[in-house]
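Take a look at the structures listed below.
Each of the next two complexes has subunit A plus one other chain: subunit B in the first, subunit C in the second.
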Partner chain A sequence: MNIFFQQLLNGLTLGSVYSLVALGLTLVYGILHIPNFAHGALYMVGAYMAFFATGSLGANYWVAMAASAAAVALLAVLSERLVFHRLRHAPPLHDMIAAIGLLLFLEAVIQAVWGADFRRLPSPYPQIVRAFDLTAPAQRLMIIAAAFGLMAGLHLFLKRTILGSTIVAMAQNREGAALVGIDATRVSMLTFAISGALAAVAATLFAPINLIYPAMGHLVIMKAFVIIILGGMGSIPGAIVGAMVIGFAESFGAFYVSTDYKDIIAFALLVLILSVRPQGLFTRGVR
Partner chain B sequence: MLRLDGVTLNYGSFRALDGIGMHVKSGELVVMLGANGAGKSSLFLAVSGLRRLASGSIKVDGDEITGRKPSSIVQAGLVQCPEGRKLFPEMSVKKNLILGAYVYRNDKKANQRMLERVYGMFPILHGKRDAAAGSLSGGQQQMVAIGRALMGRPRVLLLDEPSLGLAPLIVKQVLEAVKAINEAGTTVLLAEQNAYAALQIAHRAYVIESGRIVMEGDRETLLGDERIRKAYIGA
Partner chain C sequence: MSNARLPTRALLAALLLLAALFPLAAPNGYYIYVMSLAFIMAISATGLNLILGYTGQLNLAHAGFMAVGAYTVGILTVDHGVPFWIAFALSGVSAAVLGFFAGLVSLRLKTHYFVIFTLCVGFILYLVIEKFEGLTHGTVGVIGIPAPPAIGPVSFETPVAQYYLVLAFLCLALWVMHRIVRSLLGRAFVAIRNSEDLAEALGVNLMRTKLLAFVLSTVYAGLAGGLYAGFVRFLGPSIALESNTFDLVTYILVGGIGTLFGPVLGALVLTWVTQSLQFLQDFRMIVFGPMLILLVMFFPQGLIGFVQERRAKRNTREKAAPAHREARANA
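Our next item is the complex of A and B:
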């Protein structure tokens, strides 16, 4: 029972982190209609910003998370302004090449400053929570709570506020949005800022039970792509459900099959689900 | 109220609009007649700032709007209800209408009044206000599109083929609504293929062919013109 519960908790933790990353990716896809390969680099930079804020500046964990979210949001907006906005009339392939260039550039910058070594971010809650014969690390519970809190907040923002609706409107009909006077530039910047902040928060939440290194974004972004393809490109509920599916598949797969195959499971699932439902699980999401 | 001079638009090497000159006076209802591909939609998209002109000038109330962003043109009082409606299909009818008032988003009271006016004009939309806009019938979607444009409080309203694909009875309803909007004081430029029905409610009309204005005149002149009857009315 306890072991099963552990796997459930692990799956939920992984799913929570993947959701936050995949949500940012799917929001940007809804606006730009390109896959932003640089999103994994934003995640990585987010972890380093938190590491720098707690380690070198001695900031509190939560302050570091807020600072990291703000810094990465700014970085994401800059990437929109300096790179993607300028390519808006170019063929989509150019955006993809630019996104990969941005990914390599950010990794190189981080490696030049902090080196290629593995780093650790100390957990603010190293204790173990016990209840009904079950044990759970407090950090994992916090990840789940924070991620679900953020998702609920994002949902309310997109559904209930006019500002949030502009993002959904532009994803559903770009010209329709322009014709009611929604400024595409502002919506793009807002979307990038949100996606960057979500990536940074995900990285800061996950870092205490993981390692920080320049290539840490690779596997996460690959899985985030699997998730949004599974869930339907641009779909918000699809991103959350897809992330949970991958999170649980990984945690249970690692336990019942083998830890060695943990990272393959996501891709095996992708092949499996797409051969049955090529349009993804949720084709009618936010778009 | 709306004045175009020498408006030229290219798609690559194809000239979609060739020196269009036209005007709509304040309070007028002007119809733009033309076949498919004549340039009506290109013209409308250019006026709303969604296509970049090669040359020419577009003025609203004497203010130059050429080269401005679509959002700034809406703020200048020129709102378009586009061909194909371009609604937000997965949002509710009400949300679509509310977003129509996006540039006046802080004036909640006035927006609520506008919303009541739109519901008054199209009572069916009040019943369907929580339904996804994409789930409505074509005629109802057209009402949402017109309502959404009205929520932007246009001084000049551009309507691009609102009757396209609708049943004859619905076409009549939609055109009557357009007439009512005009009579309430909004200047209207209406693009139509359905020449006979459109001319019934119009003050004046232009005929566009291959990106050029080939004829203009008041309702009676055009209704009586042999070429118009042959080409657009079929009688």
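Our next item is the complex of A and C:
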């Protein structure tokens, strides 16, 4: 029972982290229709910013998270201004190659400053929670709570505020949004800022039970891509459901199938699903 | 037409002569080694250019297919004692077979979906190579791959001989690529790149043509990998990493996407730029990353594309000029 519960908890933790990353990715895709390969680098920079704030500046964990979110949001907005905005009329291939260039650049800069070594971020809540015969590390519970809190907040922001609904409007219909006076530039800057902040928060939440290193974003971003393909690119509920599917598949796969191959599971699942349904699981229509 | 061709032919002969004389001019063996490696990467990039530059599909699993070819040679020669040249031929076959099935699934997807899917395929290849220790030796890698043995009286023991072998393969690869892109099939590839809908309306079988381009490009990747295995003689899982595909994309973009010699030029230029920036090594991407962005922004045709564009402009101006004068005289 306890082992099963552990896997459930692991799956939920992974799913939470993945959904925060995938949400940022899917939001940006909804607005600009570019797969932002640099998103994984933003995630990685977020972890290093939190590491820097707690380690070198001695900041509190939550302060570090906020600082990291702000820094990465700024970085994301800068990337939109300097790169993606300028390429908005270019063929899609150019966007993707530029995103790859950004990814390579950010990784190299981080590696130049902090080196290629593995780093650790101490957990603010190292204790273990016990209830009804079940045990759970507090950090994992915190990840789940924070992620679901953020998702709820994002949902309210997109549905209940004018600013949030401008994002939804532009994702639905670009020309229509422009016709009713929505400033496309402001919306895409806002979207990039949100996606960057989400990536940084996800990284800061996940870092205490994981390692920090320059290539840490690779696997996460690829899984996030798998997730948003499964969930339908641009779809917000799809991103959350997809993230949970991948999270659970991975945690149960690692336990019941093989730890070595747990990272393949997500990709094998994608290959399998796209072989049967090239349009993804939750989408209709052609692309 | 023949007038315009002449300088190109002369230029080609001069380039070939330069490449043939390079080992004599090289100050030491290291230069020959670096140049040979650049040629191998150029072969691989030429293959990627077929699917990316001519057919317009960004396949991010290309390094994975190169690794498949390299490991075919490595495993067959080291673990099973298969003669090198047979293993080398099989490296193209194994990459093609895998490419066929990968293409069958991935080419049903378009644009971004295709790119992300191939990124995942590349990563699966990497993970399988890393984890399947029984077959691939895992992270230890394949050690002690034999050098290409002699063909008849010609032996490839020395680095200089291997340099010429690689150069010969590069020339062969370029000649075959030239024949492909000049054929009707090559025009079909370009038609797909320009507009899939239009190509289909013209009677191009989209799926079959794209699959053919994909498989051909993986054959190039596989053979380049096989050559790499025989040249470097050690293999680790890292050659399948997507960062190697990114390197190849950079070569193509710098040299000129969708041009025959672009990938070669890019591979050579960037290899030597990297060599001269030795102190940067791991940090070379601090320079190359922004360069990639600036290239797609301001210089999307690359070096060769830029030259071709200028030449085309000059030609149209020269043709337009007499017509202009005539028109004015008439008026």
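Structural remarks
By definition in this document, the second predicted complex is superposed on the first by the 282 of 287 C-alpha atoms of A that agree within 3 Å, B and C clash if a C-alpha of one lies under 4 Å from a C-alpha of the other, contacts with A are read in each partner's own complex, and residues count from 1 in each chain.
Just so it is clear, a contact is a pair of C-beta atoms (placed from the backbone, for glycine too) under 8 Å apart; a residue touches a chain by one contact, two chains touch by 3 or more.
What you are looking at is a predicted structure, and each value in this text was computed from that prediction instead of being measured.
Considered on the superposed subunit A, subunit B and subunit C are sterically compatible, since they fit side by side.
If you stand at the C-alpha centre of subunit A, subunit B and subunit C are 90 degrees apart, rounded to the nearest 10. Using the contact criterion defined above for the overlaid structures, shared-chain residue A:211 touches neither subunit B nor subunit C, since it reaches no partner.
Shared-chain residue A:173: touches subunit B; no touch with subunit C. Contact with subunit C, but none with subunit B, is seen for A:261 once the two complexes are overlaid on the shared chain. Once the two complexes are laid over each other on the shared chain, residue contacts for A:134 go to neither subunit B nor subunit C. Here subunit B and subunit C are compared by how many residues of subunit A each touches, and C touches more. In the superposition on chain A, A:156 contacts neither subunit B nor subunit C. Of all C-alpha pairs linking subunit B and subunit C after the chain A fit, the shortest spans 16 Å.
Once the two complexes are overlaid on chain A, the subunit A residues touched by subunit B in the first and by subunit C in the second are 287.
Across the complex, subunit A meets subunit B through its residues 162, 165-166, 168-169, 172-173, 175-185, 284, 286-287.
Interface residues of subunit A, counted against subunit C in their complex, comprise 29, 33-35, 83, 86-87, 90, 92-94, 96-98, 100-109, 111-112, 116, 218-219, 222, 225-226, 229, 233, 260-261, 263-264, 267-268, 270-271, 274-275, 278, 287.
Residues 52, 56, 58, 105, 108-113, 115-117, 119-121, 123-124, 127-128, 131, 242-243, 246, 249, 253, 282-286, 288-293, 296-297, 300 of subunit C are the ones that touch subunit A when the two sit in their complex. Within the complex, the subunit B residues that touch subunit A are 48-50, 69-71, 74-75, 79-80, 82, 85-91, 95, 98-100, 102-103, 105, 148-149, 151-152.
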